[in-house]
């Protein structure tokens, strides 16, 4: 049986459910914004200027928000053990991964699409062409996060601690991309030569490629017994 | 007592023997370090930690690498023993990680005047440590033995692949930590006695690692056997 | 009795959960156009056996085959089987129709709409077809589960206490449905605690106790006599 | 019927379930540490010194960890709708609140007890008597968080995606105490006169008193329909 | 028929969920030492009625009383009632014994141990009493739910499809139990789809259709005759 059709069916199903009451979407976005805010407030205005923490805040906020978003992915497969329903069909396991991953990616991108401009606003980042590049980097991180996250959330959901376990498993995997992205951002905002920037993008790309491949390979092991 | 359980017990005993040898070696190492190795000029006695601390770090690396490889193999061969090895090695690795993370700061305080620096190797250990803390959280959350084996194998494999990225991260994140001396291509800058003692340290910790893992492996197998026999 | 081209084969199936041995060596075969009643006390391993056959869990030892395939190893053959489990396997936020559309897509059913409408009518859910499943009563959910599990008309049907929560019209409808399936030469394995529910349609009765087959006979003529035997069997 | 006995029964039950497999506890603490880490790596070592972000990081990390901890509180009431089971007994609603709150508080305090020293370690905070004061402040924040959080998690659990909804409800309420605590910390570490510190503590106390009272009053409304 | 000192009173009870009117004016009374069978098609509102009586949800209009109390407004009187619902209301991570200990504490039962041991024996869970509930089979879970709901011997019992998933010995045990409760003058309201399950013990039969009481009669002598009438009633 082809992979594409069931994969799309799964992604569409996820997004449709999400769209129906947007709980998770709303939550993840508000969450991102609140994290931005909590930083603004929890910093010592005297000694720390907004500009200096802006990059960190952006990436921590986006990382944590993606965490929230990914939690959702397999929770909705849990009620009435709907996942069994999928596993009982001839749809290939790869389709399940690609479908879930696609839905997660879209989801995280939407959250980013809201959070990113707000970050620009709150931290009055000079609006410039550079921001487009930054948005591109955000997409790269999202791809990596969701690839790993899709595998882990499929595991975590089988336990009673899904919402606790997922962050703990996923965060260590988020550190490298977050670091690369921050370094990139810092250099971008203090407009360094393109050469310096490119290096960090390459690292992000490498990360994405590696973990997309690994995730695709390992996912079937997780869902099939 | 089923033959398997007997075998497991035998393995445990063998593991304990090797561990004992390792411990003797450790004692010897310290005699060596305190009696026959010159005290480092600037650091004084603090530097003696040098003979447990880097080896500890090394043993941790070894342990977690083994977990990664064994996990990958499990996914391929689906042999339950591999899962027991992974479990054992991960647990032992956590112990050595703690050793490094404890001796490191103890050393750091006199040498750098700070308990902790965000030096690459320190941080790397810390991340690995947390990664495997998560690995154990997952193990403890799984109820079905087979699911547990499969899931932890997946995490173990992915952790192995994360290692290079973590290395990149912590190294790019500017380092204040002394560059490795022993690993340098040029002739080691350490006095030969220090180097000698250092290498003995590595050997001793390798033996300890093997002993621990064997013992823990035996225990794990026996537990599984008894669980099976129970029903 | 040797059966031509069996629909289901279970050979020496063991399954253990931690300390509990849910299945302790189950040997069982059934041919197409059989309707087998699977009886047994609570915790006997009936659900576990069905899940093993469906390939949702793997036996600790032993092998299972459905139309010659081990579904755990060979997902592409899973279309041959329909499992109605204790859980509805649907999404609360979708309507029954959407849930069936999703299932149809995964089963690769082409032009599913007419098919789905028929399936919904068969379980008398037509008037609820476009309300979200959340808040469905137990029986309504069970009806949807039936439609979901049988949507692709599988040649082999595993039904785990299918009459749970169904009102009498729905139960009658299910019986008629099973009668048709049987006539169409499907293999039907049905777990129940009340043999009356399906006695007339059954061709064979299998009793599972403590993870082992204790009785495997052609359906006796006399229900009451059998129930006494069964009671005695459990008492032993 | 007395409040104390059922309240204790509920708290003991919760803690016993947690203790059975410490997964939740372990993950919550690891989570806290990982948040500390992700900050360190998302900062630009060049421009931002650790000392400057140390206070913010501490409180954001503790806040997020408490969030995770609170999530589990009512999740375990959900499977087999055990909450109905409690509501069907004559145990007064207040007992349910106090029991849940107590369990949550203990849980959060344990997490803090691990995360706090690590923060001191990682950020090279000079060990001094001041730290005791800081620990005290941490307890104050925990009291406030858990009071509000207990009410919200009871609400959230009635919805799908409780684990997603809780953060959105709770984070806004976390901003004030986090803000007070950070300001306190900054001044404490740059050892300002006690007078300046005391003001922030008073605010925290006020917050705790107000929200403990409000929570106690509103909780029954939440659980009873 | 006017009933002396009723155990349950429902007057003009309406309950809607969004667009759905689950209960549309239910008037219903029952006295102690009655055993009432509550029948009705799927989605008729049976579970909703029970949840209203138990005070878990409030009627949109109308009033309910259990032994004279509105339990939604007056929690302290809830000890008078036991509700066995579609859900087990237990914790997977605790053992049956621990679950019952917890329930006992909330009910303020003093010296519960002997009590609990008896309750576990009554549902034949003694040998599983100290294994965590997680992974219990459906029937084992249902037995625990029964023990949990009746632990405090409430004078009023609401049972929602109590025989679901029970094997025949367990079902017989439950019937005997209900017979005792009845003899002890308890009021028992039992939802079922198969009147055979409790026919002999029932004193009255109430049929709920589309949120309204369509039939409320003393239990007819002839079960089969009644089932035909019932079928006709639903068909209408």
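A, B, C, D and E label the chains in the order they appear, each numbered from 1.
In the analysis below, a contact is a pair of C-beta atoms (placed from the backbone, for glycine too) under 8 Å apart; a residue touches a chain by one contact, two chains touch by 3 or more.
Here the structure is a predicted model, which is why all the values come from computation and not from measurement.
Undergrad: Hopping along touching chains only, can you work out the least number of steps from chain B to chain E?
TA: Steps on the shortest route: 2.
Undergrad: If I average the CA coordinates per chain, which chain comes out farthest from chain D?
TA: So the farthest one, by centre of C-alpha atoms, is C.
Undergrad: Farthest from chain A by Cα centre, which chain is it? Let me know.
TA: Taking each chain's C-alpha mean as its centre, the farthest from chain A is E.
Undergrad: How many Å are there between the centre of chain C and the centre of chain D, using C-alpha atoms for each centre?
TA: That gives a centre separation of 47 Å.
Undergrad: Report, in whole Å, the distance between the mean C-alpha point of chain B and the mean C-alpha point of chain D.
TA: So the centre of chain B lies 34 Å away from the centre of chain D.
Undergrad: Approximately how many whole Å separate the CA-defined centres of chain B and chain C?
TA: Result: the chain centres lie 50 Å from each other.
Undergrad: Give the residues of chain B touching no fewer than two other chains, as numbers and ranges.
TA: 127, 130, 133-134, 137, 141, 143, 146, 169, 173
Undergrad: Counting only residues that touch at least 2 other chains, which ones in chain E make the list?
TA: Where chain E meets two or more other chains at a single residue, that happens at 92-93, 135.
Undergrad: Can you list the chain D residues in contact with two or more other chains?
TA: Correct list: 21, 23, 27, 30, 34, 37, 41, 76, 79, 160.
Undergrad: Spell out the part of chain E that touches chain C in their complex, as residue ranges.
TA: For chain E paired with chain C, touching residues are 17, 19-20, 40-43, 47, 86, 128, 131, 135-140, 142-143, 161, 164-171, 193-194, 196, 227, 230-231, 234-235.
Undergrad: Can you name the residues of chain A that touch chain B in the complex?
TA: Of all residues in chain A, those touching chain B are 148, 151-152, 155-156, 158-161, 164-165, 168-169, 171-173, 175-176, 179-180, 183, 203, 207, 210-211, 214, 218, 221-222, 225.
Undergrad: So in the complex, the part of chain B that touches chain D is made up of which residues?
TA: Contacts found on chain B: 105, 114-118, 123, 126-127, 130, 133-134, 136-137, 140-141, 169, 173-174.
Undergrad: Provide the residue numbers of chain A that touch chain D in the complex, in ascending order.
TA: On the chain A side, the touching residues are 23-24, 26-28, 30-31, 34-35, 37-39, 41-44, 46-48, 52-53, 55-57, 59-60, 63-64, 68, 71-72, 75-76, 79, 159-165, 167-168, 171-172, 174-175, 178-179, 182-183, 186.
Undergrad: What residues on chain C touch chain A, complex-wise?
TA: The contact residues of chain C facing chain A are 54, 56-58, 72, 75-79, 81, 83, 85, 87-94, 98, 102-103, 105-108, 132, 141, 148.
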